[in-house]
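Chains: A, B, C, D, E, F, G, H, I and J, in written order; residue numbering restarts at 1 for each.
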Amino acid sequence: MADNTNIAVLDSSIVDRLPVSSKTLFDAKATKALTFESIASHLGRSEVAVAALFYGQAQASPADIEKLSTLLDIPKQKLTEQLGGFPDRGRAGPMPPVEPLIYRLYEIVQNYGYAYKAVLNEKFGDGIMSAISFSTTVHKETDEKGDWAVITLRGKWLPFSRF
Amino acid sequence: MADNTNIAVLDSSIVDRLPVSSKTLFDAKATKALTFESIASHLGRSEVAVAALFYGQAQASPADIEKLSTLLDIPKQKLTEQLGGFPDRGRAGPMPPVEPLIYRLYEIVQNYGYAYKAVLNEKFGDGIMSAISFSTTVHKETDEKGDWAVITLRGKWLPFSRF
Amino acid sequence: MADNTNIAVLDSSIVDRLPVSSKTLFDAKATKALTFESIASHLGRSEVAVAALFYGQAQASPADIEKLSTLLDIPKQKLTEQLGGFPDRGRAGPMPPVEPLIYRLYEIVQNYGYAYKAVLNEKFGDGIMSAISFSTTVHKETDEKGDWAVITLRGKWLPFSRF
Amino acid sequence: MADNTNIAVLDSSIVDRLPVSSKTLFDAKATKALTFESIASHLGRSEVAVAALFYGQAQASPADIEKLSTLLDIPKQKLTEQLGGFPDRGRAGPMPPVEPLIYRLYEIVQNYGYAYKAVLNEKFGDGIMSAISFSTTVHKETDEKGDWAVITLRGKWLPFSRF
Amino acid sequence: MADNTNIAVLDSSIVDRLPVSSKTLFDAKATKALTFESIASHLGRSEVAVAALFYGQAQASPADIEKLSTLLDIPKQKLTEQLGGFPDRGRAGPMPPVEPLIYRLYEIVQNYGYAYKAVLNEKFGDGIMSAISFSTTVHKETDEKGDWAVITLRGKWLPFSRF
Amino acid sequence: MADNTNIAVLDSSIVDRLPVSSKTLFDAKATKALTFESIASHLGRSEVAVAALFYGQAQASPADIEKLSTLLDIPKQKLTEQLGGFPDRGRAGPMPPVEPLIYRLYEIVQNYGYAYKAVLNEKFGDGIMSAISFSTTVHKETDEKGDWAVITLRGKWLPFSRF
Amino acid sequence: MADNTNIAVLDSSIVDRLPVSSKTLFDAKATKALTFESIASHLGRSEVAVAALFYGQAQASPADIEKLSTLLDIPKQKLTEQLGGFPDRGRAGPMPPVEPLIYRLYEIVQNYGYAYKAVLNEKFGDGIMSAISFSTTVHKETDEKGDWAVITLRGKWLPFSRF
Amino acid sequence: MADNTNIAVLDSSIVDRLPVSSKTLFDAKATKALTFESIASHLGRSEVAVAALFYGQAQASPADIEKLSTLLDIPKQKLTEQLGGFPDRGRAGPMPPVEPLIYRLYEIVQNYGYAYKAVLNEKFGDGIMSAISFSTTVHKETDEKGDWAVITLRGKWLPFSRF
Amino acid sequence: MADNTNIAVLDSSIVDRLPVSSKTLFDAKATKALTFESIASHLGRSEVAVAALFYGQAQASPADIEKLSTLLDIPKQKLTEQLGGFPDRGRAGPMPPVEPLIYRLYEIVQNYGYAYKAVLNEKFGDGIMSAISFSTTVHKETDEKGDWAVITLRGKWLPFSRF
Amino acid sequence: MADNTNIAVLDSSIVDRLPVSSKTLFDAKATKALTFESIASHLGRSEVAVAALFYGQAQASPADIEKLSTLLDIPKQKLTEQLGGFPDRGRAGPMPPVEPLIYRLYEIVQNYGYAYKAVLNEKFGDGIMSAISFSTTVHKETDEKGDWAVITLRGKWLPFSRF
């Protein structure tokens, strides 16, 4: 087995909350000692999308399944069966989050939610930023103060219909 | 009074949840018909930070108070008293959010929280993205499919101490 | 005062939960003894949209304000101030709803939510029916068994972005 | 196995929340690669009703069981035993819903609940729209803006008894 | 003022949760020292219905308003305005109830809910007992063991529609 | 196996919430295709009491166990062991109830709780209707409007002690 | 004003949760600097009962009102009006309690609840200890280890009815 | 097996919430048909303490384990392993309790909590009655009105430290 | 007024949750521009204790009142009345905390709670660290990495009584 | 097996909530009868950190795994697999805590949260004490009054960024 010091694996105590595909995929990822960066690069998708797919929060296309099967040595038939449905999203963890990393993201919404709304409304009018017609990326910056995580959220603006 | 079609104002039913400075500032903003963009430009801060300050979620420096007093025609003494303390954050709205725009941000955390954690852990190790050593911006992009809101979150990476 | 037996008015105990415009509008509606049907017809909007506007859950256009001012004898300046902002939606009542009529709608979501999801996914793929690019109507049907309420929900289908 | 790209299947992590009939039915549906549309057509029922039946939220008649047994190649005895009781409704998913598609329906109730009540009261008097003497359909519309999902809710109007 | 030892009055701390009509009616009832039994007899309605009306949980007919105005010496115009709308039910007290008397009723539902369901399903099929097409009475029985309260609930049986 | 179209059985997804006796009893009841009416008649108890016993919400006497053993063909030793303890009540289902039939009973408490309290207090003084020194029955009435379910609750009146 | 170092008074922030009588009584008690011990002795009731009466959790008899009026110099008419109804119990504080002293009592129920149940069932059979036909006292013991608070709960045993 | 009509046993549906020792102990107790009274007498501890120990809410001393092993015919090694740790208290049942007997105790705290606090503060000053330096007993009294359960709570008074 | 840039003041939106003494004390503190450090030094108590006293979470001795009256120019009679009772603790803010600073403390309990328990149990046996016989201090350390906050919690160890 | 009277072990009923490594580590610790003090000394880490590691709330370094493998006789390969990921923190126990020892820590945050915030803000300005750049220790003090537990929390001060 490769050195997997920096490989995210599936916590055994949340397995029951996720679809069976999550265990299949994470087990193979651990065995292969692959990062999401390398898998994402192989699939031509973003890292966050691939991690979401592993957690059952995003859909796999037939091409994704094909590539995952090859890369992770999982029989294609098995992956097709486990990933064939429509994701049942939103149940990966409790809300409010108890995991410190995820809580910080939640806290940003809690503290800045109304500020975002006011600024977005002034820029776009009455509506929302879609979380569906949506993409997101994560990258790392380093300066003299240390490392910085930068998360970008990009969503289609949807104005409320007038009816 | 200027045309304030696109001016975010304070919903009268949440006034009691916020510090008195919120009403003072929003009333003056409405009277002057100023956007957060113009106020932020005047203060040399980001729009979201200024909106957060209006909602009692960020601290005003003495220079901010000085400039807000001039720009909004609020007696400096009054602003100093109302903004003089340390913000008591987190109570602007309920969680889970019921406002559709804010809910979409919450939903992003709900759906992608574990994906962000996995990707960030692989990139940075065991730790969190700070929501305190943190900044955020909002901007608007337009392409042939319509308008897109882009929110950037940038936080210092804090590794868990080993002790 | 006209006979207002069938005029919906604002329950005095929820006034504090709503923006001040709600009281202004409902008081005038009660005085004029107007139904939402007649107001909606005057504004050229649907009844539900107008009722939502009265409850602070939908935005009024300048033209709406103009017409409401005339129809309800409310000074336009006052309406403009009270309706000028962006609605802060979702706080009209508690969830789960305790009002029996509203609970029945909630129960439909509770009982048929997964059925709707399965059917919509099969018809449209992986995505959601928008509640923003959305309209809704209510009408009454009568047959030999009695009266039937028919509510139609029509929302843009938004596929999840692939990223 | 047929191509089941567009076949809704049962998420493995919610199996325990549902009656055993759900697994039996969904497994057979996946094997046969049948849509709810085709099953509904076979049973002479609406798609939503059939999906609800699969999720344990609606009762199967003896004729339904007969037809499901034939169509899905499930022994009739087994289906009769598993579907023979009275549905124990309401436990398919959490409320508030965390699944984005189902949340949008919930949000409609949250935002428009009082508006529906006001409009229905004015049209029908004091009462409720039944969720029991009730039917619902889903269909798809397409125009130049894209696809639209249309959900129709039709319930008997029940006036509050005077006693 | 009459002896009102046995007159139910409105607890001052729940006034804000109820419509203004509740205070108007209960104040007059206290002044007149009338029981619900006597008011119900005057209105030709059941005691529980009248008490529900006082708590804002049932609708008053024009004839009810007429009679209440006379019996309680409240100007008819005032009553009409306060009772003119459609009741916004369900907010009289918290659930689970904290009041011991009301908790006992809740506990009956908690302990016997599934038993009622099983027995009702066997007697009537798949459906519900309506709480809308519904009436209820309270009476007192006395035997050698003491006093007994007897509450009768009578609701229309509504079978689930087949669709 | 007899025709059990109208036999209430145990939903497989709530088995874990109930004592093992529930599964034993319901399985035998399904096999014998017996209604609660016939079992109750055999035991000389009310239908609701027997259903409550099946759901682990009421205690079985030695005579009950004897008769159930005979009627349902369950070894007496097994029944004695499984039913020998004191019921651990209140966990058959969630509160607020999500099952529509049980919710209607809950809603009656929610809407009429304070009305019952006021009427009972006026009739009996300060106290409660016991849910322990308590019995309840269900019966069916039919008139030209359809079927009606009638539930009677009869509880000992307990005055608050003066101390 | 007398030295009231050891006089329990009403926390100003919970006044709104209690009936108006609470403020009347506590204000007079503070002015007179009376302990509950002395008031209880004057009324011939237990201290806890009197404190409960002050918090709106117990009913005052006409004799209680008479004596309280004299002892506390409150006009009898005012006390009669404020104490005339039936207590609306259970809303004095939040549950779970946040007050440390009250939390300890709650914790005893949390930790020993099932132990009490098992022991009581073995001693009395299937039933409950009434909290209505109930009295309670508090006294102080001192030994070499310090002071001890002793709370005694005495409730009528109510066996579950067999029906 | 002895007649165990009055032997408290472990409800099979709460086994998972308790440590494995609970099942071991209760099974042996049922087989031996021993009451807590007899076990407590054998151990020289109070009945409630012993029942708490069985529910995993109190610690067993080596001497307790020795005696339990002998009395209940459980291998000492097994008991030592299962009872060797420090109790993880507070998870025996849900709070608020749904079991009627336990709810009555909770209701006493809910109704009389502030009364106890006021009386205790006046008797002892600012502090709490400890639930740790604490003991409790249950006994039975009988008079002409019936049986009475008497629960005594005795806790060390802990004054708040001044710092 | 002195420069109060670093003076903690009372957020206007939480005033209603606190006793009236909080507003009295914080207003005077703001006017005098005093830090808790200087007030604590004047009273001979710790800073945290004094801040807790200001938030209504700790009791003031007669000497504290005397000194606060002098230092803050508040009439002693007024302070005596407002601070004369026993604190009603625990309601200063919501739990889980939404304020980021307070949340971090809560998170420490959430993450390390069981670790503290295990370590304390091994060091002291079965018991708790008292939060009543308790003191706490805060101090500041600075090293080359920046500033560090150090909070010390010191509580009496209370072993569970054996009974 | 050694005498393990004072060895903290894993409660069998919380095993499912924790990662598999917890069971592996605690089982070996129980077999070896090692305290956290001795393990911590072996690893050169603090006791709390090691206990947190055992509960899945802290990360093990490769050196930690090496030493744990040797000390506890667990195959290194097994430990590496089970401890190789990034901890998924925060799910060891419920919040609010029900365990009395952990509740006391929670209560300290509940009672003194705002006091800590005020004091920290005055000492450091607007920011938080990090729970990530953080360490904590526990030690025991004994004086004439008994034993005292002393918990020290030391966190980096993070000022809110100005943006």
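Throughout what follows, contacts are C-beta pairs under 8 Å (C-beta built on N, C-alpha and C of every residue); 3 or more make two chains touch, one makes a residue touch a chain.
Quantities reported herein were computed from a predicted structural model and do not represent experimental measurements.
Enquirer: If you take the chains that touch subunit C and keep only those that also touch subunit E, what is left?
Expert: The shared contacts of subunit C and subunit E, listed by label, come to D, F.
Enquirer: Could you run down the chains that neighbour subunit E and subunit H together?
Expert: Chains touching both subunit E and subunit H: F, G.
Enquirer: Just how far, in Å, is the C-alpha centre of subunit I from the one of subunit F?
Expert: One centre to the other, that is 51 Å.
Enquirer: In whole angstrom, how far does the Cα centroid of subunit C sit from the Cα centroid of subunit G?
Expert: One centre to the other, that is 47 Å.
Enquirer: Indicate the whole-number Å distance between the mean C-alpha point of subunit A and the mean C-alpha point of subunit I.
Expert: Inter-chain centre distance comes to 41 Å.
Enquirer: Which parts of subunit A, given as residue numbers and ranges, touch two or more other chains?
Expert: 7-8, 48-49, 86, 88-90, 95-100, 103, 107, 110-111, 117-118, 121, 125, 127-128, 130-132, 134, 136
Enquirer: What pairs of chains are touching here?
Expert: By the stated definition, chains touch in these pairs: A-B, A-C, A-D, A-I, A-J, B-C, B-D, B-I, B-J, C-D, C-E, C-F, D-E, D-F, E-F, E-G, E-H, F-G, F-H, G-H, G-I, G-J, H-I, H-J, I-J.
Enquirer: Touching subunit H in the complex: which residues of subunit I?
Expert: 45-46, 48-49, 58-59, 61, 86-87, 117-118, 121, 125-128, 130, 132-136, 158-163
Enquirer: Quick check: in the complex, which residue numbers of subunit G touch subunit E?
Expert: Per the stated touch rule, the residues are 16-20, 56, 62, 81-82, 84-86, 88-91, 95, 131-132.
Enquirer: Could you please specify the touching residues of subunit B with respect to subunit C in the complex?
Expert: Interface residues on subunit B, with respect to subunit C: 4-5, 7-14, 30, 94, 97-100, 103.
Enquirer: Could you please specify the touching residues of subunit B with respect to subunit A in the complex?
Expert: 6-8, 35-37, 47-49, 51-52, 54-55, 57, 89-90, 92-93, 95-97, 99-102, 104-125, 127-131, 134, 136, 138, 140-141, 145-157
Enquirer: Applying the document's contact rule, which stretches of subunit B touch subunit D when the two form their complex?
Expert: On the subunit B side, the touching residues are 96, 98, 100, 103, 107, 110-111.
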